Amino acid sequence: MENKQPKVKVQNLTKKFGDLLVLDNLNFEVKEGEFLCIVGPTGCGKTTFLNSLTRLYEPTAGEILVNGIPVDPKKQNISYIFQEYSSFPWLTVEQNIRFGLEIKKTPKAEADANVEEMLDVVGLTKFRNYYPSQLSISMLQRVAIARAFATKPELLLMDEPYGQLDIDLRFKLEDELIKLWKKTGTTVLFITHNIEEAVYLSQKIMVLTNKPTSVKTVLDNPLPLPRDVVSEEFVKLRNKVTDLIRWW
Amino acid sequence: MKDKKKVRINKYLFLSVFSICVGIFIWWLVTDGLGIFRSNALPSPVKVAESFVKKWYETKPDGATLLQHLGASLQVALGGYVIGAVVGIPLGIFMAWNDKVDMCVRPVFDLVRTIPGIAWTSVMVTLVGIGFMSKALVIFISAMVAMVINSYSGIKQTKTVHLWVGQTFGASNWELLTKVAIPSALPMIFTGLDVALGSAWTTLVAAELLASTKGLGFMIQQARGIFRLDIVIVGMIVIAVTGAILSSVIQFIGRKLIKGGRS
Amino acid sequence: MRMDSERQVVPEEALIEFRGVDKYFDKPQEGRYQVVGDLNIKVRENEFLVLFGPGQCGKSTILNMIAGFELPSSGAVLCQGKPVEGPGPDRGMVFQNTALFPWLTVMGNVEYGPKVRGVKKEERRKRAQHYIDLVGLQGFENSFPVKLSGGMQQRVGIARAYCNEPLVMLLDEPFGHLDAQTRYLMQDELTRIWQAEKRTVIFVTNNIEEAVYLADRILVLRNCPTGVKAEYEINLPRPRNYTDPEFLRLRREIDAVVDHTL
Amino acid sequence: MGEKQKRVFFGAIGIFVFLCIWYVATALTALGTVMPDPITVFTGFFTAFVEPIGTHSMTMHILISLRRMLVPYIAGGVLGVLVGILMGWYRVADAILMPYIQMIRPIPPIAWIPLSIVWFGFSEGSKYFLIFLACFFTIALTTYNGVHSVDETLVRAARMLGAKDNQLFTSIVLPTTVPYIFSGLQVALGSAWATIVAAEMIRSSEGVGWLIISGQETGDMTQIMVGIVAIALTGLLITSIMRGVESKLCAWTVRGK
């Protein structure tokens, strides 16, 4: 497993808006099927970071390789769940989930199977013909997650998807995400402000500095799944990450 | 709690109906009742109602029935309107979708849009003479301008996050436009269709007042010439009612086509 | 400035009291449903009371009944022994969506209370400035709320409520929309402000860490129709630490008691 | 090159290309026999400031048209805001007045021209009446919507802070309504400008509308085009002034750090 080339390789990624330096020479690697959490202080330009990774923002300098070739959403199978609610209000739940598959011109039989599977996994089968305006916040987030996983992505980016949910719902969706990640073996880059969430989900934690953002350090997270947020080792790792970030 | 609210609502409903009746009564009082205003200054509601009924089939005094005038007006208005929409919507979308075109065309468009549709009548009449064509062209311009404005802002208001979702799935520029931007702009495009219809209808009436041989505008202008104010008021009522009906038809179609409870 | 009374002297009747309170709401389709069932609460002077419970049901309604926006369907809500009839400056409230006046600057928002109650200009300006400094907003007096970050907007909300010198401060999940780290900062700030300006505080939240971090006393509430399920005295020294063993033990214990949303 | 300069640069190109197309079309094709080329139109436009057309110079034509529009526009605006607030705040006023507003509003102001001529003759009065109608209903309704869009939590916040009912009106309802009033004023401005042009075209002896119609009667296309340029530039001027005033007064709605 070790000598295999990394799923994602980023070399001196830099991003400037005009002369304002936002991303300052980031270098890191992510292995196949790994769950990497990225955590940084408030306002550390994390959305710019993820958008540059998928070329939504053109990086000023640096190389981003997925499976060894420069990243290109048209060729590679990448999905991105945004912090803002991004389900299409004019499509039903089912049509929303099918959206990615249609863009990627997936054959109908396979597409239908994926959509049915995803509807079942996120528990929205009963709501397939509902429109987003009729759904609660947590159901909307489930639609976005189902849509992202439906295309069986090799790389999944998530920008603090559970930021607005209350604690019970957040833990529930986090458990669902881990189940989906284990089942599909996707490589996940999950960015968040919430340190407890990062320690709860990750195999590896990458800590970013404040603006201009660069990689402070990368920590391994050896804790066995499922994790207990009040257990001894969990809290030790959490304190370690907190001390690297604490600005408050 | 609930029934108290219901009582309050019909109380206000009753008040509205009552206020209309009072209005009509005063109108009748000052005309037929006390004869303060002669009918060439303000015709009584009875006279207006009477000519409203008669005008539908009578050709007096302007040589065409109300129906024929209405038909003539609708034909011109809807003709110019449809072409204006067919040209205006793609132009607005095209202008909004690529920035270079947007920046070039925008200032010219801002200049043209402040020119009221009616101003073009003189140009068109001089170019193609009085008659159907000049009025249709004027209405085409006013409807097209309204359509471009609304489809333009509809596309510009597409949420960036929706475009990002499309881009990350690898959608081409054309797919982003057709599968994300246009569906998101649909409600605004229908607002445009509604506004354009209103401006087409208003411009038509103005054009007919200026120079025409048939149509509602022509009818009320003629009637004013011979002091038949009752026909003028009948004409105004028909203009208002037709405008309202056309607008509600567009809104109805909009509610049917726009999915997701967003219209 | 109000002289703050000695903490040990517990007046015989509580500052705020709920006696057998029920509350029903009528929704057009679903008809009548009960939100609060036979609630009995006593709130002591100058204590930091946290109403902690799952999801959305009932907690805010209790706060609204104290503030006077809602009246109980049955039973009584008393403030200093007298039934609450409507909103009043003696019960200041901080809302989850801040509810700042967008057309007023920070200074305009904070001095709004004294202004509508007829306090003269330079007296209320002085008092407003005091509370603006207290919540750490020096230099932002003339900016509009739309230009401020979430955390700063909440500071204005707190300063605005404090500026009216209320008897009790009601906070309805004020940090609900903030990101996790700003939330920690605001919890520290609120503790500091509360210790500087002694007032009774009633704080509603569904975040257990926030409840244990802030509270002198926690009332764990049931799901709809809500009522007091458990009560915990939290006498950890302040400033508290989210990860110290005793804190974690309390958190585990309370987490076990509360009924989780499905 | 900054965003602003880019916008101005490409805008200038757009206008230049538009004028070239216009010039080429009139110079080379049959259109030239009927339509004057841009140079003649613009020279005609600027000379009109010096040599009068009809009895007035261009400045006077524009000023007269503006006066005819602004006097009733202000009256319609003030009355529209007052009636809008009255109807928004008191259900009784709403019940009594709303039927009339909903009945009269769909009638295009231009359809009132025949009646206005009978009631007010060809005097300024008939134009004031038309413009008043063009503005009053739009502003009244947008103000009414503004009063109804007051955010309930803000009313609660104000009550909590001790505001009495009359203070609620001045300190919450009015400020909420201001942006609505401005959007109503801008829409009304557009329709007022269109109405005054139409009214002047129907019957007047000066003003930008008269410029066009007299050009049409004498078949002088240059004068028509000069009139259209005058209308376009004046229209652009008043809309940008209105937008400037709005951005100052509604600064608190502008997002962004």
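Order of writing sets the chain letters: A, B, C and D. Residues in each chain are counted from 1.
Here is the rule we go by: a residue touches a chain if its C-beta (ideal position, glycine included) is under 8 Å from a C-beta of that chain, and two chains touch if they have at least 3 such contacts.
On a predicted model such as this, the values are computed, not experimentally measured, just so you know.
Novice: Taking contact as defined at the start, I'd like the list of chains shared as neighbours by chain A and chain D.
Specialist: Of all the chains present, those in contact with both chain A and chain D are B, C.
Novice: Given the contact rule stated at the top, which pair of chains has the most C-beta pairs in contact?
Specialist: Counting C-beta pairs in contact per chain pair, the top pair is B-D.
Novice: As a quick test, compute the distance in whole Å between the mean CA positions of chain A and chain B.
Specialist: 49
Novice: Just give me the whole-number Å value for how far the CA centre of chain B lies from that of chain C.
Specialist: Spacing between the chain centres: roughly 53 Å.
Novice: Measure off the straight-line distance from the CA centroid of chain A to the CA centroid of chain C, and report it in whole Å.
Specialist: Chain centres of chain A and chain C, defined by C-alpha means, are spaced 35 Å apart.
Novice: Tell me, which pairs of chains are in touch?
Specialist: In this structure, the chains touch in these pairs: A-B, A-C, B-D, C-D.
Novice: Touching residues of chain B toward chain A in the complex: what are they?
Specialist: Those residues of chain B that touch chain A are 159, 161-162, 164-172, 175, 179-180, 183-184, 186, 258-262.
Novice: Write out the stretch or stretches of chain B touching chain D in their complex.
Specialist: Residue list for chain B touching chain D: 12-13, 15-16, 19-20, 23, 40-41, 100, 103-108, 110-112, 114-123, 125-127, 201-202, 205-206, 209-210, 217, 220-221, 223-224, 227, 229, 232-233, 235-237, 239-241, 243-244.
Novice: Of all residues in chain C, which touch chain D in the complex?
Specialist: 67, 69, 86-89, 91-93, 95, 97, 99-104, 112-113, 116-117, 144-147, 149, 160-161, 164
Novice: List the residues on chain D that touch chain C in their complex, please.
Specialist: Contact set of chain D toward chain C: 151, 153-154, 156-164, 167, 171-172, 175, 178, 251-257.
Novice: In the complex formed with chain A, which residues of chain C make contact?
Specialist: Result: residues 54-55, 176-177, 179-182, 184-185, 188, 206-208, 243, 248, 251-252, 255, 260-261 of chain C touch chain A.
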